[in-house]
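Below you'll find the structures, each written out as structure tokens.
Both complexes below contain chain A, partnered by chain B and then by chain C.
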Partner chain A sequence: MAKPKVAFFDFASCEGCQLSAIDLAPEQMLDLLNVVDIVEFREAISEKAAKYDIALIEGSITRDCDVPRLQDIRNRSKVLVAFGACAHTGGINALKNFQKKEDYQKAVYPTDPLKYETTVTRAISEVVQVDAFIPGCPINTMEFVRIVKNLVLGKRPDIPDYSVCVECKKNENICVYEKGMHCLGPVIRAGCDAKCPSNGGYCYGCRGTVTKPNLHAQKDVMQKYNLTFDQMTDQFKLFLQRNREVFKNAG
Partner chain B sequence: MNGKFRKISKKDLLIGLDRIINDGRKLAALTRKGEKVLYDYVTKSDEILMQYIPTVLSPKKFFLPQDEVILEYTTKGKVTAKIEAESMVLFGIKPCDLHGIKILDEAFAESNGDPNYLAKREKSLIIGLDCSRLCDEKAFCYKVNAQNITTGCDFMLHNTGIDFAVTVYTEKGAEQLDKYFQTEIKSENILDDFNQAKAAAFSKFGTFKQLKQLPEIFENNKNHSVWQTEGDKCLSCGSCILVCPTCYCFDVADEMALNLKKGERIRRWDACMLNSFAVVAGNDNFREEPKDRLKHRINRKFNYLMKKHGESVCVGCGRCVRACLVNISPKTIAETITGELSTGG
Partner chain C sequence: MPDNVKIDVHHITRVEGHGNIKVDVKNGELVECRLEIVEAPRFFEAMIKGRTYKEASLITSRICGICSAGHVLASLAATEDAFNIKISEQEKLLRCLLNTGQHFESHVLHIYFLAIPDFVGAKSVLPLVNTHKDVVVQAIKLKKLGHEIGDMIGGRLIHPTATNVKAMTMVPEPGVLEEIIVRLEDAKQELKSSIPLLKSLKLPDYERETEYISLYKKGEYTFLEGDIYSSDSGEISRKDYLDVTNEYLCDHSTAKRTKHKRESYMVGALARFNNNSQWLSPDAKQTAVDLGLKAPCYNSYLNTVAQFVELVHLADEGIKAASALLNKDVKLEDDSFPLKAGQGVGAVEVPRGILFHDYTYDDKGILQRSNCIIPTGQNFQNIENDFRKLVPEIIDKSQDEIRLLLEMMVRAYDPCISCSAHILDIEFINSRSTTV
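And then the complex of A and B:
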């Protein structure tokens, strides 16, 4: 069996997910290279290829000129994967969607605001068809490895579709609501091993929501624990930009 | 014990527990780890907490771990079942959790039996610690009479304030008690005082009025409005299932190693309150709404499995009530359906 050709591409992002992907022990790296052929990867190699079996797209779409480039990659790829929170949900870049265009243009280029070509931030799936996604900010290295294995074996990508609370309880954590904090865990997709609530933080939703989140109930919980609607959207808009309207409707 | 009663001093109890550890056996007990209070392995008896604070997870995890490798395979076709069981002692298990273990024992012994669970159970010694009063306001063991046990542990300790009275339940218990612990044999019933104090502390709490009829009542109330009202509040987060000492559903997944030459079969806890649990092949879903899943979950406790085990499969430990951010409680649901709530019972 020929090794599948894998390529990495980045759009608006910090490239941290790509770095996380190669954050492997040397022997794991060798195992990975034994099963796939990495043909394009700006972080580590400079070769180029014409067609890809698996294209991993990091970053969100924030400029019109990104669209044809993404469509071109799509046309040349068998499987296209939204790779990391920015690609999956719009990520941190989508924060600008809360501001007026003139304002963020001015913030970046105060003296020449129009120099900055920009549009509303979109997730990859809002522009082209996405076959699989690897969530998280940053992605979880072992989850990346698992999804690559799934794709190579022709299996359905094995991404959990249950809440962060499941992993949080498995870790026997005290729920952060009992400690006076608020948490999106009940409606956010697990797979991170509840990293944030397990280490003194709370879940702010970097992995996006589960398939059927009960946002209505989530909103009630946060209000019951004394968070106003404005505080709620403010504190949790980081990764839930796309769910903002849903939150509102739930009100 | 020939009509005689045994007791053990606190000092001798701790000495005995240290002997177990020094014998190279694993000892799990209630202990503190950072901010968490949980059942975990200890290396010295002074790490053990006697004062019970309800834990997030029950001791079930020692016999049915959150994630467990049950099989290893190679692509060449070599398949090896994996059963890991070490000799261990579980100390300080409360009556509700002992009921939970009894129910799991029955469930996992059914038909061919579950070799992994049974091997772990076989190699374990369980030392119970009785409750003299209700642990907190969320617990409702008294509703199903789970504060008292007749089986589920090897021997049970009852804290009389000065020392511990001992009730032995199994032969293994008797033998291990003698092996590790210095006990004193008394002719008077030293349990009486404990039992009276316990009965007094629990006297203001009664069982569900129609405890025995719960399966029938639940069967007849599949369309009760409580399912909708409670189901609408539910986040489908699964916490209630994860923490439950009698929930035992698991998922099984094959994980290939990265070299694609070998792999492991892993079973991990699953939860029927999750939408992902209810979705079946072809993307169908027979329990699509939270209310459908809640109805299923609670019927498993008070109806379907209660018929099978002959006792409530909710042991009233209150863990799910503590875990649920929207206050959904099996007790409240049962009281609503039996009408106890509205009649002030």
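And then the complex of A and C:
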């Protein structure tokens, strides 16, 4: 049987997810190459193929001119994966959506604000059908390998659907709320081993929310620690501007 | 020279980001020669407006996956400058390690994965898995070491989680520092074993003197501290970076370009080497001698060789920093400081050259205004000027050779276009023959 053809494509992104995907030990990398055929990876390869079994899309859509390219990839792919936060939730790129277009254009290109085309930042699923996602900013390398293997075997991707707090407690961290900071852990999807709170920071939601985020519980936590819900919504702005659930209930 | 040659490379491959090359020769005259940047702009400077000092580096880190640690370090330096914060010796050493990690990751990726395939006539590193397996395995290990240092010190391979204004929120255990030392010592041996391979690569013969700009601190091959240095005009205060960069927009690019004393200048490993090579570590100096790299070097293709020399230096620096930390009682440090309104400039050397972040805060620590000038943007015009000199010199070669030499030139600069705005599929259209 021919190996499944896997291709990487990027739109508005920092390319950090592609970099993270190839951050494998030599054995792991050769092992992955035994299972799949990487046919398109502009960053590392100069060849191009016509059809893909798995297309990994990095980045968000921020220009109308990128839509036909994405649709074309969709048409040529069996399974299309939103790869990383930019693609999955709109990621950091959607932070600009809180500002007026004229304002951000003027702030960055004061002399010629209309020079470059730009639209509201959208997640990939807002433009084409997405079959699977790999969360995180950046994605987690081992989770990426696991999900690609799942997809190759035709299985559902195996991604946690409980909150970052679960992993955080397992790591025996002192909750950052106790230190007077706030954290999105209660509603954010685990799988990063509670990276940020475990390293002395707080969760800012890069992996997106769990399927059914309990925003009321989050509200209660905030109240208990004398923090306002607005402070939390403000935090949601960084990676979750496209999340209708959050911004509908937030008001 | 053929009368009419048209080269049109759409989306250059094996570079970070999207860009196109266009070359047009009509009636024996070069009428057009340019590098187009077609990356979608992401408006970072606007996005961080209204966010707090704590979030500035977290957001700007996402400008670029490959130099994320560099953006964080420049961002922190700008914020600290604005609030008049002096960082501790421990913090300096930790940042030095983070810097070694990011350069390892980036330089190794560029040298072995993106540049070397050109020299051995491969389309990518993948076919080399069969022909040069030991080199590929070595490269993967060296690159991964960069990410691992990023993880051990910064908390994550890219987009660090432990970096923070004034003091990191996580400090390494002695065991981690010991491991870093051992791994960097190993890496030096591995690099040494690559010297014959590097020497065997036939780099194109080409020279064009230009202005070289880098960070400068007397007595040090500096990456994180100091002022600006121009090979044309000498030292310039970091605060006056705008006098150096003079950004302007050009019609065919979503990235801003810069110029200083001449039409263009070069930043990156070769610029640093040309300005600061006297302060390389002894082993790095020896590596430069072994590879025949001598300052000043005017062959832009040799930027890749300068990167290799820097790897040896950075391994030495990393070993020094980790040893110094081992001799200290490393502990979490206080990260509090009084807020005040102010402006600050951070200038650091990232793999592709000097990077500036400039922030203005209000007295609550909310960002009012920011400016980020990335190295690749500073290099674009210089690449185009190299094209202008190079194309007439190679115009008698076959179209495939011309295409390759142009792509190699772009790749030598290791452009990271995603930072700014992406590069090369070359398509040649010769009006007298058919499309190649």
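Going forward, the second predicted complex is superposed on the first by the 239 of 251 C-alpha atoms of A that agree within 3 Å, B and C clash if a C-alpha of one lies under 4 Å from a C-alpha of the other, contacts with A are read in each partner's own complex, and residues count from 1 in each chain.
Methods note: a contact is a pair of C-beta atoms (placed from the backbone, for glycine too) under 8 Å apart; a residue touches a chain by one contact, two chains touch by 3 or more.
Everything quoted here is computed from the prediction, not taken from an experiment.
Engineer: Do chain B and chain C fit side by side on chain A after the overlay, or clash?
Structural biologist: fit
Engineer: Touching A:Lys3 in the superposition: chain B (first), chain C (second), both, neither?
Structural biologist: After superposing on A, A:Lys3 lies clear of both chain B and chain C.
Engineer: Between chain B (first) and chain C (second), which, if any, makes contact with A:Arg74: first, second, both or neither?
Structural biologist: Neither: A:Arg74 stays clear of chain B and chain C.
Engineer: Which touches a greater number of chain A residues, chain B or chain C?
Structural biologist: C
Engineer: What does the superposition give for the shortest Cα distance from chain B to chain C, in Å?
Structural biologist: It comes out at 10 Å between the closest C-alpha atoms.
Engineer: Share the list of chain A residues that count as touching for chain B in one structure and for chain C in the other.
Structural biologist: none
Engineer: Please output the residues of chain A touching chain C within their complex, sorted ascending.
Structural biologist: 10-20, 23-26, 29-30, 33, 38, 41-47, 62-63, 66, 91-93, 95-96, 99, 103-105, 107-109, 111-112, 115-116, 118, 137-138, 141, 195-196, 199-201, 204, 238
Engineer: Can you tell me which positions in chain C touch chain A when the two form their complex?
Structural biologist: The contact residues of chain C facing chain A are 11, 13-17, 39-47, 49, 55, 58-59, 62-66, 68, 105, 109, 113-114, 123-126, 129, 136-137, 140-141, 143-144, 147, 155-159, 161-162, 164, 168-170, 249, 254, 332, 418, 421-422.
Engineer: Which residues of chain A touch chain B in their complex?
Structural biologist: Touch list, chain A to chain B: 28, 31-32, 34-35, 145-146, 149, 152-153, 158, 160-163, 165-166, 168-170, 172-175, 177, 185-187, 210-212, 214, 217-218, 220-221, 224.
Engineer: Spell out the residues on chain B that touch chain A in their complex, using ranges where they run on.
Structural biologist: Interface residues on the chain B side: 35-36, 38, 55-57, 66-67, 232-239, 242-243, 253, 255-260, 269, 271, 274-277, 290, 323, 325-326.
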